[in-house]
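Each of the two complexes below includes subunit A, the first together with subunit B, the second together with subunit C.
And then the complex of A and B:
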């Protein structure tokens, strides 16, 4: 068996097909993006090497780049500070031993499996000033003064998109936290009960510390999702009005495929990758403390 | 007694949240049966006065949702098949076979789990153009396979590592070669993690928009998300047929969810822990 399993031809047979597809259509493009980013190129004419000029432009003269960075930050903060606590509360709710908890868990989770395109198109209609359900509902409860073109106004557009993201993904975080909570042994809570730690005290001294690994995963996931946001803004606002909802990924897409700035688009893509890797690494460092033992 | 009231309060709270999560979807489904005058003038939560199934036939035929649906089905199935096959072969080689570059390959695959697909878009466009397959089904199938392979390999390797080798050894003693023991013994044992990977990949591919929007320029080859998006631009006035199209495109997911919700939860948690 050992000899059969170190047969070079067989190993190649098992690895080469998949590895080739992966290398050609994923790995090599990542490296090419880095190479493109050092050039001025429209995708048709020969490239000109311009060193770090694309990056200089990005950081100094391109105002909508900074707008996109700030918008990512808004997504990131809402994800971590609003969505995560709600998800935590939901996970607590559905992990109580009560009838129908599985139903509730399934209902809260369902939006997650729907495509962002679908969810975004649905909410475009919900926000629509004419046929949308939101304004109609506000009218019905005599809050007509609140009605407006939610996605068409620079003041409300970003917030409206953020609400959709929250609605779409709370169930995801809930599920991961719920899975984590299931892993905490009943014994801890029983022991805590004897010491008088119930309710909020039990959450603070048992659930939260024992869930810290899962919470870290959730935070990293939320942050990465925030930085990668594309579909929702592409479908709902296309970055508008006046760049108020633009994101790096969308900007990269527009620069490359609408304005034919392949070099500059690649620089934006490289920025995205580094941003994701660095922030994930930093978060892992910062959030990893010594393991708690009981 | 006190505990009961507390539970009722909790139930009401949970119901309210459930309504909040479901109401937009309820509105979508009833809108799919209404016409514009009923949507604009009517009560938001009211059922349609007349159930207009014509919205569905209009979406299915005139708006070409049938075509988009078929495209999505074929792209998803082909991708799924190759991801499952390649990922299980690679996972097997990486956990069971003996060779030098094991670590290097796992590390390279890790890039695929970490680096956002957005970073591959521009060069991929050029590669596909140079290969002459831009705007064909292959132009999204190949990247979809590449993108979904790493997570598949990681999920399957984790499972294989914890799987005892005795059965394979027994197969070898019975005179099976590597290939035979892989297909006859290993693959059947891999069913549970393969189901998780399959669900993960199915949802990712069925819902994908960015690559489809970039690489598919022929209208006839549009997948559902892409088709819906363009459809919504053209049909900005009549919401009913668009809602019907959206209901149709979500049905397979809903069906999968009803049938495999436990498996789905598992694959999502597994996928999350890996990322």
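And then the complex of A and C:
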């Protein structure tokens, strides 16, 4: 057995199927996309090589590109700075030994199992400024001045979409963090209690440090999700009004399939892949620390 | 030790099983395909993609399939989704046997350039069905072939109004720009949405602007696109100012830029909005939903031209709503015959409704509602049908044009800035 495991040819043989699948379905499309990005191509007629023109256009003349980058960053920041703390607080709440905690856990997690399209359509109805529940509710409690054209106004559209994605995915992070909290031995809290570390101090000195690996995973997942956001924006606003909610993934789709600029759409796809890789790599570097053991 | 060896052996066996199963599966699948082919030989099938929601299309397709003797796989795909799906199918060469395509150059050109559609001349000639189409209703392309048959009659932009709300206001349908402005003010004072507009998809606002320009000068677009005039000239500028006036006087519902077409339509159908700007293709659906409450007028005389000078058409003679046949279809001849006969059957349905068809028909016109009669009369009097601009532009320019017009509606551009950018965009697209 040990001889078999030290046989590099045999190991390579076992790796072939997985590697082939990876190459064919992941690596080759990425390379092809990079190749297309150097061409002017409508997806039907022959391609024309234009070098880096698509990238030049992306960074210099396409105004909505920078809007899309900013929107992606807004999604990223909200995911990490707002959604994650809420998830953490909820995970703390449902990990307490209280009556009905399973029920609460399921309730908080419930939106995650709903499809993004369904959630987005639901919120489109809620946000509808003329017949939607939100404005009606505000009117009913005499807060008519707070009513807005939520998804129809450039000032509120992005925030409205961010609220929905936060509501939708907060349970997902909560569950991961909750699972991490369950892995922390009760002994640490009891020992800390003897030293007078209770409440926030226990969270600060025991829970957070011991959850650091889980938190790192949550942050990376949130960041990648934020950068790749598509469905919710597509359904709720289609990037509008006036590009105020457009995202790179949506822009890529619009360029390739509506405007039939497959070359430029491919350039956006390459940018998105690189953006995700670089940010995920930086986060891994920044957030990696020595494993804490008590 | 023995356990680890066993593990490696088990893993190897599992891997071999997967590989062998895959091979075996392929063999079984191949056999399955052959069987399917054998079954298909007994009765051929035709897959049809349609984006038109009118149930008439499904009924006509079923009747045509029975007539031609094929099994029909009918797939209705929601209009906006369809536009994406057909683009992907074209690029990937994954088209169904027969498919509908929107009107306009931006939709028709990619289909023809993809070389995936079959010429229909042979079947049109051999069956004699080609003779039933009226003059110029079959588009002959540069290579002398006919690649499509019509799937819809010429539809135009109209202004619908809600009679109940109009009566509540004690007003009548607007005939001029001043009437329209007064009506908007009156509706707003009563808390009624004057005009419901689906801004999310952008096309309604785009077509309204086309119409406002045509009312200023019926030939403005043709002259400008041919280089005889500029898109910064008075008709374009005045119409753009009218758009900004409409926005500033709250002519549209709150948040209209984020409203989907169907949501905006619901506001009109549910007595929340007074007016609705849409295609004549919606007469049937709106009549069924609103009954006698549906009112219609030709678009008011908002400029120097009168209401019969022109209307905005959803299609043009070179790029109408069409049915195409995939040249890779397994049952190519049957698919071609199916498409041609379906086109003629749809024509019968339009004629039955009292609308002018694109082919001869033995069907007699049934009694039609008052609004549809009025529309038929108005269309008869209308001197010119200006094709919607979007339909005359390439896909990328068309989309950029709609984005630009959206900025006018959103207040990001003044009328002057808008027309200046319009001139740059459309001039470069020549």
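The rule is simple: the second predicted complex is superposed on the first by the 267 of 294 C-alpha atoms of A that agree within 3 Å, B and C clash if a C-alpha of one lies under 4 Å from a C-alpha of the other, contacts with A are read in each partner's own complex, and residues count from 1 in each chain.
One rule holds for everything that comes next: a residue touches a chain if its C-beta (ideal position, glycine included) is under 8 Å from a C-beta of that chain, and two chains touch if they have at least 3 such contacts.
Please read all numbers here as calculations on a predicted model, not as lab measurements.
**Q** Looking at the overlay, what does A:43 touch: subunit B (first), subunit C (second), both, or neither?
**A** Both partners.
**Q** A:92 in the overlay: touching subunit B, subunit C, both, or neither? Say first, second, both or neither.
**A** neither
**Q** Counting only touches as set out at the top, which of subunit B and subunit C does A:77 meet: first, second, both, neither?
**A** Neither partner.
**Q** Could you tell me if A:259 is touching subunit B, subunit C, both of them or neither one (first, second, both, neither)?
**A** second
**Q** In the superposed model, which partner reaches more residues of subunit A, subunit B or subunit C?
**A** Of subunit B and subunit C, B contacts more residues of subunit A.
**Q** Look at A:197 in the shared chain and tell me whether it touches subunit B only, subunit C only, both, or neither; answer first, second, both or neither.
**A** neither
**Q** According to the stated criteria, A:181 is in contact with first (subunit B), second (subunit C), both, or neither; which is it?
**A** It touches nothing on subunit B or subunit C.
**Q** Let me test your reading of the model: by the given contact rule, A:14 touches which partner, first (subunit B), second (subunit C), both or neither?
**A** Both: A:14 reaches subunit B and subunit C.
**Q** So, A:287: does it touch subunit B (first), subunit C (second), both, or neither?
**A** neither
**Q** Per the contact definition in the header, classify A:237: touching subunit B only (first), subunit C only (second), both, or neither.
**A** Second partner only.
**Q** Could you give the residue numbers on subunit A that contact subunit B in one complex and subunit C in the other?
**A** 1-2, 4-5, 14, 17, 43, 124, 130-131, 253, 257, 262
**Q** With touch defined as at the start, can you tell me which subunit C residues reach subunit A in the complex?
**A** It comes out as residues 1, 4-5, 7-8, 11, 15, 18-19, 83-84, 87-88, 90-91, 110, 113-114, 193, 199-201, 253-260, 263, 266-267, 272, 395-396, 399-400, 403, 406-407, 410, 412.
**Q** Under the stated contact criterion, what part of subunit A meets subunit C in this complex?
**A** Touch residues, subunit A against subunit C: 1-2, 4-5, 14, 17, 42-45, 124, 128-131, 148-154, 157, 237-238, 240-243, 253-254, 257-262.
**Q** Would you tell me which residues of subunit A are touching subunit B in their complex?
**A** 1-2, 4-8, 10-11, 13-15, 17-19, 21-30, 32-33, 36, 43, 90, 93-94, 96, 98, 104, 106-118, 121-126, 130-131, 133, 136-137, 140, 167, 171-172, 175-176, 179, 217, 220-221, 224, 227-228, 230-231, 234-235, 249, 252-253, 256-257, 262, 265-266, 269-270, 272-273, 276-277, 280
**Q** In the complex formed with subunit A, which residues of subunit B make contact?
**A** 7, 10-11, 13-14, 17-18, 20-22, 24-25, 27-28, 31, 36, 39-40, 43-44, 82, 86-87, 89-90, 92-94, 96-99, 105, 108-109, 111-112, 114-116, 118-127, 142-143, 145-147, 149-150, 153, 168-169, 172, 177-179, 182, 203, 206-210, 213-214, 224-226, 228-229, 232, 239, 242-243, 246, 249-250, 253, 256-257, 261, 264-265, 268-269, 272-273, 275
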